[in-house]
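Each structure below appears as C-alpha cells.
In the two assemblies presented below, chain A is common to both, partnered first by chain B and then by chain C.
Right, the complex of A and B next:
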C-alpha cells in the first residue's frame, strides 16, 4: 500500500498541480454552510468539520440536470461531462455510499451514462473522521471512521500533516504522479494515525441492527408504521440529504418550440411519487411511504444486493424538522 | 456509451380512434431511421416509453405483434389531467415523437406452446393481449399453440376497442371469442355481463391450460377467484402490472414493489408471484 505524507500547508501545491489536468473539489464554508466546491490554490481548505450537509452524490447525480434538448421535432442528447475531478474531504461513510449508487446506476443491461462518466473521471480522497457526531452510527452499518470502501485514497490528519494511503489502483497512480509532494511517513506518524483511528471508532455510537432484515420481512402489515410515521411531515428532506437515496423523475420544460428534458431527484416520501394518471395511488398515506423508505434501505436492497443502503451518516436525523431519528425507528422494528 | 434515456425518432403514420368516448386512440408508428427499426426487437407483453417533446414520457404497452414487421402500434387512453397522453392525443398523423425501449419482461410464450391458452381482458388493458393474439394467430406461429379462447369485455359496445379485428377473429375457426359488455344498447346483439361472470358461465377447462389476464384492478380482483375455482393454479395465471414509471430501466425507483421493479422485473407476473409480495396489489 502506497503511503505518503503531505504538510497541510502543501495542499495548495497539490491543488495547483491537479488544476493543470482537472478540477479539485474540497470543502469551503459559504453562506449555506460547508459544501463541496471547486478550489483554487489560494482557497483555504477546510479540514475542521465532522461532515457536510449535502452528500457527495450531488457530484455524480446532481439535484437536477438536463439530459436532452429539443427544437421543433428533433432531439439532441447532452454530451457527457469530460471533466477530470479530484474530490477531497469526503467522509468514509459517504465514500461507501457511492459504491451503493454504482449498483443502481451501473449495471450490465442499462448504465446511466451521466453518472458513469462522472464516476469514471473522478478520484475520491476520503478524510478519516476524528470527531464523529452524536448522530453518526456508521460502525453499525458496515462503515467506519477510517473505512476504505469507495475511496481511492484515504487521508488521515496527523498533527500538521495529512497521511495519504492509496486504496485503489487509481489512487496509487495518482500519488505516483506527484512524487515531489509526498514524503515517506515515519513510524511515529503511523502510530499517531492508529491512535486517532481507534479513538474515533470508540466514539461512534452503536445501535444493534442484528436481524433487522428478517424483522422487516415480518412486519409489513404491522401497526408500528402508523405510530412511527405520526410525527413525519412528509417533507422529504431525509431522502434529499441521504447519500444513498437515488430516486428521480424525468420532466420536460418547454418554451415555444424549444425545450429540454431534465432529470430531477425525487422522493418516495411524496404522495405524487406514485400517483398514476387515473388517480390511483398505491401509496396514499405517510405511513406507507415511511415503510417504503425503511423497507427499501434495510430489507429490499439487502435482498437484492446484500447491502443495507444506509451508511450511518446521520443526515436524515440532523436535518429532519421534527427530529425523527432513524435509529429509534429501527429500534422499534427490532423490539 | 449508449444513452438509455434518449428516444428514437418515429413518425405517426396512422391514428385510429378506438371508442365512442374518443379517449382511446391507436397510434401506428414508423421509425425514421432504419437501424433504429432493426434494433427495436420486442416480445408480446413488453412496453416502451413514448416521448412527446415538451410534455414528457409515458410507458405504454406494445399493441402490435412482433410479427407485424412494418409498423409498431400503441393504444393510448387520454386522461383529462394527463400531460403526456393529452399531448399525444392532440397530435396528428405525420407528427414526430420519440420511442425508447422495448422494456420489461414478456408473456411466457414458450411456456404456452402445446397448451390451451385462455385470454381474459377488460377495458383498454387489452392492448398487450391483442399483441399476443395477433402473434399466436399468425400462420407462422398458430400451430405451436392448442385451443385459444378469448374473453374480452368493455363497459359498453362503444368502448370495445379493435372492433374490426374482433369481428375478424369471431369469424375465424382457430380462435374462440367471447365478447361481452357490462351494459348493451339497442343495437347490441352480443353478450352482456361482467367479465368474471362470463368467465364462470363459459367455464373454460384449465386442463393443460394457461391464462393471461389483463384489466383494471377491480376486474383482476374479481377474476382471480373464478380462475382458481376453474382449477388454474396461481403459477398458471399470468397478468401484467401497472405502476407509475419514469425511467423504465430500473433506476428511478418509482415502480418499486418489494425487491422488484415493475419496469424491469415485470410488468408480466404470475398470480403466484403477486401473492408472494407483501403489498396488496388488487
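Right, the complex of A and C next:
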C-alpha cells in the first residue's frame, strides 16, 4: 500500500501538476456556500468542513443532461465526456455511494455510457472524517470515517500535512506519477493518523439495523407507513440530496420532427413519478411513496444487488424541512 | 416544561375529552438539536408529546388542505376530521387565507393561537457554526443559545442573531382571529420592514434582473418551496402539467425562471411572509426577497394585507375602477 505525505500548502503544486492533464475538483467556500468546484492552483482548497450539500453523484449523473438530438429520421448521440478529472475531498461515505451507483449504471447487460465515461475518467481522493456530525451513521451501514471503499486514494489530515494512501491500482499509479510531491511518512505521522481515525469512529452514532430487510419483507401493508409519513411534505429533498438515489426521467423536447432527449433526475417522493400515460396513478399517497423510498434502499436493493443503498451520510436527515429522520423510521420498522 | 406548554397541553386534553377534535396538528421534539417538528396527535393520551419552544419553525397550515383533500376511497368511510391546529401569528394568517380560498372546512377546524416570541432559524445556526449543524444544545442562558459543535467546541449564539428573518420582521406575532388563545407575552410587532426590498427597488432594472438570476440559478427544482407553502395546494401544479407542458424539464435557466416567476406571482396578495419556502429550500435561496417585494407592492397599490380577515376580498378577485395600473407599464 503506497503512502505519501504532502504539506497542505503543497496541494497547490499537486493541483498545478494535475491541471496539465485534466481537471482538479475540490471544495471551496464561495458565495454559494461550500461546493465541489473546478480548482486552479491559486484557489484556496477547503479542508475544514463536515460534508458538502450536493453529493458527488452530480459529477457523474448530473441533474439534467441532453443525451441525444434528432431531426427527421436521423438521431445523434451526444459525445461522451473525455475530461480527465481528479475529485478531491469526497467523504468516505460518499465514495462508497459511487460503488452502488456503479451497480445501477454499469451493469453487465445495460451500461450507461454517459455515466461510465465520466466514472472511467475520474480518480477519487477521499478525505477521512475527523468530526462526524449529529446526523452521521455511516458505521451502521458499511461505511466508516476512514473507509476505503470507492476511493482510489484516501487522504488523512495529519497536523499541517495530508497523508495519502493508495486504495486502488489507479490510485497507486497516480501517486507514482508525482514522486517529487509526496514524501515518505514517518512513524509518528502514521500513529497520529491511527489515533484520529479511531477517535472519529467512536464518535459516530450507531443504529441497530439487524434484520431490517426481513422486517421490511413482512410489513408492506403495515399501518406504520401512514403513521410515519404523516408529516412528510413530499418535497423530494431527501432523494435529490441522497448520494445513492439514481432515479431519472426521460423527456423529449421537440418541434415537429426536430428535437432532443433529456435525462433529468426524478424522485419516488413525487406523485408524477408513477403517473401513467393513461392518467392513472398507482401510487397516490404519501404513505406509499415513503414506503417505496425505505423499501428500495433497505430491501429491494438488498434483494437485487446484495447491498443496502444507504451510506449513512445523513443528508436526508439534515435537509428534510420537517425533520424526518431515517434512523427513527428504521427503528420503527424494526420494533 | 414552560408555562405555555402546560397551558397548551391542558387545553388540548380538554378538546379531546370534550370530543371537539379528532386530530391536533402541533409540534413535538425533533431528532436534532434546536429542532422541533410537526406532529399529529390523535388522542388525549398522546398529548404529552406536544412541545412549545423556540424551534417551532414550520408553518403547520400546510397540512390542512391535505387533511381535507383525502383520497377518494377514504372519503366514504369516514366524515372529514375535526382538526385542531396550533398557530403562531403566521400559521393563523395562512389558515385565514385557506378559509378565504375555500380549502378547509371552517366548522371542522379549531385554531389555537400561540403567543409567539420568534423562532430560531436552523440555517442561521448552521451558518454561525461554519456550515455544520450543532451537535448538542445546552439550553438558553441570558438570551444566548449554548451549543456544542461536532468538534466539541462550545459556542454561544445570540438569540437575535439566529432568529429567523421572518420572525425578526414579523408584523403579526399573535394569532388574532384564533378560536382559542393561549395567554402569554408575544414578541413585539415589527413595523420597520422592507429595508432589503427598498435596496432592491433602488437598483436598475438590469441589476435587479441579475440579482434574480444569480439567486435562482442555485435552484435544483426540487419544489420543496412549493410543498412547504400552505398556499400551494393545487392538485397539479402548473410545472407538473403535461397537456400542455408549460415548462421544460431540464435545469436550463429559462425553465427555472418560469417556475420561479410563476410561483412568485401566484403568491401576490396571498403570501403571509412566514418563510416556510425559505426554510424548506435545500439550496438556501433567498426566496423571501421576491415574495416580499410583492407583499409590499400589494400593500402599496391595493392597500391589502393578506391573512387578516376572512371576509375582505383579495385584490386579485376584485376589479375596481380606481385600481392602480402603474405596474402595467412600469417595469
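What we mean here is this: the second predicted complex is superposed on the first by the 327 of 335 C-alpha atoms of A that agree within 3 Å, B and C clash if a C-alpha of one lies under 4 Å from a C-alpha of the other, contacts with A are read in each partner's own complex, and residues count from 1 in each chain.
By definition in this document, a contact is a pair of C-beta atoms (placed from the backbone, for glycine too) under 8 Å apart; a residue touches a chain by one contact, two chains touch by 3 or more.
Being a predicted model, the structure only gives us computed values, none of them experimental.
Q: Give one word, clash or fit, describing how chain B and chain C relate on chain A after superposing.
A: Aligned through their shared chain, the two binders fit side by side on chain A.
Q: How many degrees, to the nearest 10, separate the directions from chain A's C-alpha centre towards those of chain B and chain C?
A: After fitting both complexes on chain A, the angle is 90 degrees.
Q: Considering only touches as defined above, state whether A:214 meets chain B (first), chain C (second), both or neither.
A: neither
Q: Under the stated touch criterion, which partner chain does A:53 make contact with: chain B (first), chain C (second), both, or neither?
A: second
Q: In the superposed arrangement, does A:67 touch chain B (first), chain C (second), both or neither?
A: Only chain B is touched by A:67; chain C is not.
Q: Under the stated touch criterion, which partner chain does A:285 make contact with: chain B (first), chain C (second), both, or neither?
A: second
Q: Mind working out whether A:327 is in touch with chain B, chain C, both or neither, as first, second, both or neither?
A: Touch partner of A:327: chain C, not chain B.
Q: May I ask you to decide whether A:249 touches chain B, chain C, both, or neither, giving the answer as first, second, both or neither?
A: Once the two structures are laid over each other on A, A:249 reaches both partners.
Q: Classify the contacts of A:300 with the two partner chains as first (chain B alone), second (chain C alone), both, or neither.
A: first
Q: Closest Cα approach between chain B and chain C after superposing, in Å?
A: Between chain B and chain C, the shortest C-alpha distance works out to 5 Å.
Q: What residues on chain A does chain C touch that chain B touches too?
A: Shared contact residues on chain A: 249, 251.
Q: Within the complex, which stretch of chain A touches chain C?
A: Against chain C, the touching part of chain A is residues 29, 32-34, 48-50, 53-54, 63-64, 66, 130-135, 230-231, 233-237, 240-241, 249, 251, 253, 262, 264, 267, 271-272, 284-285, 317-319, 321-323, 325, 327-328.
Q: Under the definition above, what is the set of chain A residues touching chain B in their complex?
A: Listed in rising order, the residues are 67-68, 70, 73-75, 77, 80, 104-105, 107, 109-113, 116-117, 220-221, 246-252, 254, 259, 261, 263, 266, 268, 273-278, 280, 282, 292, 295-296, 300, 303-304.
Q: In their shared complex, at which residues does chain B touch chain A?
A: 1-7, 9, 53-57, 79, 81-82, 85, 95-96, 98, 217, 242-244, 246-247, 249-254, 256-259, 264, 278-279
Q: So in the complex, the part of chain C that touches chain A is made up of which residues?
A: Residue list for chain C touching chain A: 30-33, 35, 37-40, 58, 62-63, 71, 130-136, 149-151, 218, 220-224, 227-228, 240, 248-252, 276, 279-280, 282-284.
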